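Per-chain residue numbering starts at 1, and chain names A, B, C and D are given in the order in which the chains are listed.
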């Protein structure tokens, strides 16, 4: 069939982009210093030329450290949140095929209420309730994951419904496939995969944005950070430093780096979505 | 019944960059007459039927041919399209839109998937009836008449396509096709997806209805017996062997 | 694009006769009983009258609302005669009933106010003798009783005589006062309006307090004449303000000093040699340079080092005690070794356990001294201590740190600002009753306690001074706090604002004299 | 109940309980805070009268008592007074100011999305533009809001809270909300995807041959899905509003919630979250109505046909 190889060819670019993006997002975190290095006023606001690769902050500390520390802050929690959402939406899809109408109704009622909660409201309150030593992005990311799960479940079960729900399973049973094979291979691997992965990727992106927003709010209101240790700089600090370019501070390179990192997350997300799309 | 000339298609030739789809086809349709368009699958029957309605959607598409609706005027509808590519075809689609659903209507094959799943039969009929030159005062009566003509119960007007059987859908499609009182009905393989008994029923019904409404019928089919039985004129698409 | 936008908007700036200025934050309350921050204290000075205050010119105890005073009941009470014709902003008369109502409100257990709580140790009651004569009773004989009458008078009629004042009373946001300005707080600022009165005649009609934002934004807005003043300009931004001839930097003395409180309840910090070692590891010169931007050789810097709990200008500061501006690693390591700490792989251990210091800072201080926390962390780390760094919100600082409930920290970076009286009792006295009620780590040292009570019982200024000099010396070796520096607060005002004398601590005390001609 | 009425019915139900579920949740979280709520307000080490205060604010008999008395108050429009954020100001007064502001902010942002959605659905907006929108969407709302806020403050100075400035705030906030965090690009691509796949359906092709319009055929069938998508987007805007309001100093619910939570002003926090829940419930209600409307529209059949 001529379509298949073409499909594979189309997949190579996004797949390699996705791999590269994920590597860039997840790996550097492990090399992040626990604390920013000593100030070096001689390099204050030095550009990428003077302090490669990304230049330095107002105290001459390399922005690379901000980038890696920020990556360390978001990488794991976003990943976990994404996995949780993926797992839940898969279950949602399976229920749509296997579960009886009552199960689906119950799932829908729960989803409706959960999904209608104004997310950031709950997140803010949770963030402020967390005890100092329990603080971090992970619990917040998990809350976010559970709040955004209903949407994902909805979409997955819609896909399953389009396949014909239980009729789809029966049809394949007639072809003599075993139930596990039908659910895991035909349903999840073949049909749910694209939507489930896209949901996960979106969550990953949202948690990144959420971290930036919360960190920034903490900065502007003189709070201890809700998402990371106060000795750690998140990408929000980069953006906060960078936006001051508006006020005539020479921090354009910080803004560029901050936005670049956000773009990296988005591009990776898009790439992953394309890499796993259905044939 | 004077044989009013409805469609005069000459030398229709359509191709893609890769291959010839149809070539040098002539076709005429007359009021009160059944013209059958025959050919094996993939021979371009539907394509020809659509071309008759001014719907071309192939690149480069129409390379040669003329299309006249003599009963309307002596304009050659293909003149601005010949060899002009997609944009010209889209313009033709726009220009000919007023004719579709009034001068000629289309009764699709596999009607169950061709009717809007989000509208009751009644609604779809109502829409079609409103396209008449003089819409009737009593809409519901007109719907009732149409339904009974195609052998459906008035209460069926409340059903959605998904709630009707294949045969019912095909009848519904026919009713929708004749509802605007067109000059020509184009029926695309009405037998598709129906068992032989139903097929005969539907096709006979179609011919009767068209005769009653005094409109022409362009029947696309590969059902030799039916065609032999009802067609006044037959157009064979190239490569079709006529059975003895 | 934003620059363009700012430029475009710049054209719409309008400077009417309204004087606008940036405060560090919004007031937490317009009711002095619920004051929490310096912002509150400053705002109350505009809206209400303190019975007595120190004149910024003569430093004499003065009053806008009393004519005479006399000691009564053998020195345990003061009889005050109030001026005639003073009115509240709503036109009602100001009298003895209001003074006594305020005292009663502070004594009422139902008034859930930390300030009232403290005053209960001072006041015993109050009696209205005539419309304008009040007798204020104290719990004991005070060295200078009028010094204790620095509280603002509240209007009895607004509270309908109900002396239990809750924190959710409308007065706390839209007060009725007797001060030069009538003030009302909104979500973004406080609007002030001048009110003529027998004892006040302010020259400025309207004033707006705006919530602080990014200091750089504040400075730009000031340069753009969007506002006319900034109460506190962080040191890093001062040179830029000083450079402009449309703006003037004005010193605002808060008699405040910065410290690192050390938690002696932690086994490895209990030994004073360890605290002395930490003091030796701190390089004040470097800290000051990196976080405040003061060069080591700078003449009269905005920030002078201290060796004890007083600012150098104070009579109580003991000049005999030296400051150590630079770190001395060898001395520090020697002290740590004597104290029984061992260095393994370059990190200090106590009884085989590696030490990781939990260091906290009152978050807003990072605006005045950016990165101070991480600099201190760096220096201690260079000295062989692992550390964790925490920012502490003002709210937690007030409710947990100042109440001695932050034992999970090892070091806390903070700042003291003295009020009328340079009283360090609350800071160092062991906690008992009203004593030591600001003693962060519940530091408890008999010698210190006795010196503090010497000061309290002092009858002459020299006695008081001697006690505090001795205390200074003792604390410099005991080091329950590592004393860092006194950091000037500086305001910036546009030159259109004239004769704007800033009073120490209360800022607006002589506001009547301020002039503004745009 | 037949399956097709179930979804809207569930939504209606959810819309009714939501405004009380959220404050209930918050109440739970308040009690989860270390130390009992009353002594958070007035730590015994600092002040006396904690018990009196606890009683005054129904904090003395546990979360359920607190919540139930709050609900009964809320139902009569009495949300008590703020004790920290705006000491002594009736919380209802703050809500009155905040709900319309946030509603306006979100509606303005939504307007942008609706325009985008319409453009995508009707093919006015060429797919070529998507990359541009996506690129803009990469800028986080905070950055846009930060810059806008700085520009506003410097530009307006003392006038920065004048009606004109506040209007501009709303506009810039809505723009940040609508463009940033991939709000617009997401809507456009989402709606386009949905509509294009519907356009490819056979019945639409046939409708063209019958001389009927594409949109008139496809739209009613995609409406419920579209409504779902738009509600999700709007909820997203509602969340984002909290951040944008704080940064741009817009006196909305989000700012109220943030201030209240920082100051641990429980009355304000509950009221603000109630406000958010009400807005969210309104969205649910709207979606349910759209679904019911579409269902009725689909079921519609010319009257009097049945003899």
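What we mean here is this: a contact is a pair of C-beta atoms (placed from the backbone, for glycine too) under 8 Å apart; a residue touches a chain by one contact, two chains touch by 3 or more.
The structure displayed is predicted, hence computed values, not measured ones.
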- Greatest Cα-centre separation from chain C belongs to chain B
- Query: Which chain has the mean of its C-alpha atoms lying nearest to the mean of all protein C-alpha atoms shown?
  - Reply: D
- Note on the structure: More Cb-Cb contact pairs, comparing C-D against A-C, go to C-D
- Inter-centroid spacing, chain D versus chain C (mean Cα positions, whole Å): 41
- Query: Taking each chain's centre as the mean of its CA atoms, how far is chain A from chain C in angstrom?
  - Reply: 44
- Would you mind pulling out the distance in Å between where the CA atoms of chain B average out and where those of chain D do? 50
- Note on the structure: Between the Cα centroids of chain A and chain D the separation in whole angstrom comes to 22
- Among the residues of chain C, which are close enough to touch at least two other chains? 2-3, 6, 214, 217, 220, 393
- Item | Overlap residues in chain B, where contacts from two or more other chains coincide | none
- Residue numbers of chain D (touch at least two other chains): 147, 150-151, 154, 262
- Can you name every chain pair that touches? A-C, A-D, B-D, C-D
- chain D touches which residues of chain A in the complex? 101, 105, 108-109, 112-113, 115-122, 124-126, 128-129, 131, 151, 154, 205, 209, 212-213, 216-217, 220-221, 223, 236, 239-240, 242-243, 246-247, 255, 258-259, 262-263, 266, 270
- chain C partner, complex, touching residues on chain D are 40-43, 45-50, 52-53, 56, 80-84, 86-89, 94, 97, 147-161, 164, 168, 249, 251, 255, 259, 262-264
- Touching chain C in the complex: which residues of chain A? 35-36, 38-39, 41, 59, 132, 220, 222-225, 229-231, 244, 246-249
- Message: List the residues on chain B that touch chain D in their complex, please.
- Response: 50, 53, 55, 93, 97-102, 105-106, 108, 110, 113-123, 125-128, 131, 139-140, 143-144, 147, 154-155, 157-158, 160, 176-177
- Query: Which of the residues in chain D end up touching chain A in this complex?
  - Reply: 3, 6-7, 10-11, 13-15, 17-18, 21-22, 25-26, 29, 32-34, 134, 137-143, 146-147, 150-151, 154, 181-182, 228, 232, 235, 238-240, 242-243, 246-247, 254, 257-258, 261-262, 269, 272-273, 276-277, 279-281, 283-284
